[in-house]
């Protein structure tokens, strides 16, 4: 599985190199776009697929003649998922003359790179980071394309409003990804006045989640928010849940949309609902999935779609700005409204009109379910109920 | 009370995995004095090897049933252990370098194995089919999963075998003699090479077995190695370094302690994550020879 | 005097280089200088004092976080933040060292490794204080005596810090204290029989090098104006250990060579071997420990020896 | 002995579990005197050294240096008070130069604080001590090996290095654990002269040695141990004549010993 993925990245990179070479031979220079990707670190499992989507989208754009008559050249930099290295690589990209940087690495790395793009006012697009505070940093050229954690809570709260979950439990793991999510969920549930009767973390590297789920069981919540993000810990959650004979509904996050859980936690997740930013019945999503399958002979996930969408946004901004100057692109992105994208609920697109540099439509998160060890389509969307 | 009996089973099962990791350390430490922090990576690779051999996930054409698959994985692990000894340790021992040189060289091996695992298996957790499926099993007041019972049974069998080996066989005596005095053992006609190589090979086999067992519950995962290394070494430190029964006792105690503290102590769960680390530090500082140190003397 | 002038010239050259580089290069350069400072102090701890301790990045992180938290949350003046940071680091290091330096080899390694995990755990659960996983930012270096220090001038500050680290460690290394450290490393029983207080010497070595790591951390805090836990992971610690081993354990020049080679290597070999450099480092360490246990620096030994001999002959003539 | 003893050992006892390694041992040692401790293997000679130097904690008894108690002190404190030793097995610092090895012995005379060191003081002491260390290395006969790698020294040279290292501490009491073992005849002759010279300078020398031909002309007095107990004490001549000693120890030695030691008597 990983072999094929690495291979596909290698082939697409090679193909891209060829394209870039061909572009160079043409009269006009390429438009350079930088990509920060974690290819070797702890978050590569998520950063690589996102980047795969980015690569595919650029290939499509270039095949269709490029933008402003010029080809796009992607410059990939591996930041190992390490914040300090990410900032260094961001500086390299800025010095290389990229018109924008697409951040496909983890949010810590993205955050450190923001300090660099702020100096040079280089447009920086975080494809999939869901961290809450990225756009609060002082950098008018940084844009967050994915939904933030609090949007997941809001959507799930809207979905469960009628179900009367008077008290809930919150279970995460101790990875950075998960603790950040736990913080947001706690805050969101607090604002909505839903009491959290138990909060548990499953340590990364532990062999069982039985003690944690026993505490949850003892607290007798009406539902359990499952926000663990690291594979083995998520699986332990579901195993302990089944082993302890628990019956409470499980409310999960985007993380559960990673199809590997259908194998690692096979048959254990039925009945779980989770928030997702990917609506498989959205026309754009269907089209994307078909193109992806034709190209790579495997199913697309939301991660590839995130990576794809960042290219859609930047190409659109360059077109509208009719320029490859960084400030012009920056301005064009900030004015983007209603641009269709693969991610998000049916009928939603990029929308930066709220001025908070967050481009994901607040009504764009969907709720999906797992039945018979397979994902369903959206059973709910938006934050209004 | 139901909770308590469930915890005993799951804590015991986790503890057994720690014990096996402790044993993996011990098998090399006893005869050679070398501490091999790479054993956690053996476990990680053992897990991926199991996924490769028993499922269609990594190598689609090969999907052996559990027992033949297990044997193939363990054979591969033995080869790996012997190869590591031959490449990274033997030249140093030949030169008469101190054990710390071997420890550092094995840290290099650790990184190589970690990266090989991450490249080969990827950075997502991959599962194998647990041999007895997944469900709740109850017996008396106790309750667990078939896999946790399987883990406990396998561990006890392994420890019994190792104990018998050391206590009852000529070969075990040879190991023991080497652990006491290498030169004297050699003069007595013990084949040092053979003992050293089999120590490294069996250490890799035991750690690889842990990887296979884990792949059936939470999946083979490239980052599992470092945690298992710390847990295994802690088991050894708690039980008493240098003793087979110490590794078993230490691991099981650690597993139970973790489970009981997490369940019953009124501290936030993020603080309970520190339990094994604090246990390790406390033992290293206060009782570096472990619980069983005073029995049997030197 | 001559060595002092050589050092001064070297530091000036290092500062001058900072003014010639573009923003990316100078970012790489600053982090390289910080790695060298870390490499030097870790070399003293591990290579000279013989303590296999994995806590060096804990103290780097401590220095960085302390100064960041001082500025962001406590509004302390910079000088107070730095001074208090170093003081607390010294006290913490001594408190950690007193029990842990009793441990030998692998036990010390594992104890300090556990300490590192606890530190990361502390940062992760520090919520607003530490910013958790995404780190703590939103501050910048306050003006020093009315001057806003940035760009190559900040690089020059790092060079000064590196120079200070080098001089302190070099003096210690050449003194009876450094000799005592080596003696304990080579044979603790014999060292004690010769009147060396081994526990005290080890605690002092651990404390000094840890404070120097914290000092480097304080400077690191203003390189990206953001501190995040990812930079202080076990992985970084392994790389630092490998740098010292590859360069030549126990020698200042070795540490510098090792840091420069392993820090710069990925920039050059990545296009050649892709992302396998970490694996390559591991393999390199194994190969060097076996075939060149004195590290890369020992390749220069014949030259150095010849020069020393030539100087001797000249002196005798 | 005319002067009051420099080192007094009273009722020194060490038990390892049930085993009495040293049992109620008494002896005195004066400045300028060479006292040899002999006895069969396992008689408790090296344990006695360990006890005097603080490397092993005593079970009972007193060790007094110039009226002050030594027992209970850690080994480095014992050394700081002027009691230095060599080891039965060479224990050189393998990662250091020969001169640095000798300088370690002089450690107690470096008084500067760490801040002084960092500020660059103490360079004069360092220079002077280094010069002394070189002289000491020459004194024991290692003058031609100052630049040699420690690992290339012969076993005998290693023994001599141990002595030079201990002498660098300017000991009041010097404990030599089988200094003559493994030396070539010429090295042996040199060692004999060195020990005589050391004693002549007023150092009290305590010696473990098996080679009677080497020992007898050298020692002023001899203490004989057997199973941890002192079975005899006296001048070499008295010891040689003691039937109990001959029974327990010397008889075997006389049969075993070769003629190699004859040279020492001449030296």
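We just call them A, B, C and D in the order they show up, numbering each chain from 1.
As a working rule, a residue touches a chain if its C-beta (ideal position, glycine included) is under 8 Å from a C-beta of that chain, and two chains touch if they have at least 3 such contacts.
Keep in mind it's a predicted model, so treat the numbers as computed, not measured.
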Practice task
Work out which chains are contact partners of both chain A and chain C.
Solution key: B
Problem - Comparison of A-B and B-C by number of C-beta pairs in contact, larger one - result: A-B
Handout entry: Chain at the geometric heart of the assembly (C-alpha centres)
Key = C
Problem - Separation of mean Cα positions, chain B and chain A [Å, integer] - result: 36
Fill in the blank from the handout: Separation of the C-alpha centres, chain B versus chain D, in whole Å, is 47
Handout entry: Inter-centroid spacing, chain C versus chain B (mean Cα positions, whole Å)
Key = 33
Practice task
Between chain C and chain D, tell me the centre distance in angstrom, where each centre is the average of that chain's C-alpha atoms.
Solution key: 42
Exercise for the section: Among the residues of chain C, pick out those that touch two or more other chains and give their numbers. Expected result: 121, 124-125, 278
Exercise for the section: Scan chain A for residues touching two or more other chains and write them down. Expected result: 40, 174, 179
Fill in the blank from the handout: The positions of chain D in contact with two or more other chains are none
Practice task
For this assembly, give the contact graph shape among line, ring, star, complete and other.
Solution key: other
Completion exercise
Pairwise touch list, complete, is A-B, A-C, B-C, C-D
Problem - Residues of chain A touching chain C in the complex - result: 39-40, 78, 81-84, 87-88, 91-92, 94-96, 106-109, 111-112, 115-116, 119-120, 131, 133-134, 137-138, 174-177, 179-180, 183
Fill in the blank from the handout: The residues of chain D that touch chain C in their complex are 53, 55, 74-77, 79-80, 84-85, 87, 91-96, 100, 103-108, 110, 112, 114, 117-118, 120, 122, 126, 165-166, 169
Handout entry: Of chain C, residues touching chain A in the complex
Key = 22-25, 27-28, 31, 121, 124-125, 127, 132-135, 137-138, 220, 223-226, 228-231, 233, 235-236, 270, 275, 278
Practice task
Mind listing the chain A positions that touch chain B in their complex?
Solution key: 1-3, 5-6, 40, 42, 44-45, 174, 179, 199-201, 203-208, 210-212, 214-215, 217-218, 231-233, 235-236, 239-240, 242-245, 258, 260, 263-264, 266-268
Handout entry: Residues of chain C defined as touching chain B within the complex
Key = 52, 99-100, 102-103, 105-107, 109-111, 113-115, 117-118, 121, 124-125, 234, 238, 241-242, 245, 276, 278-279, 281-286, 289-291, 293
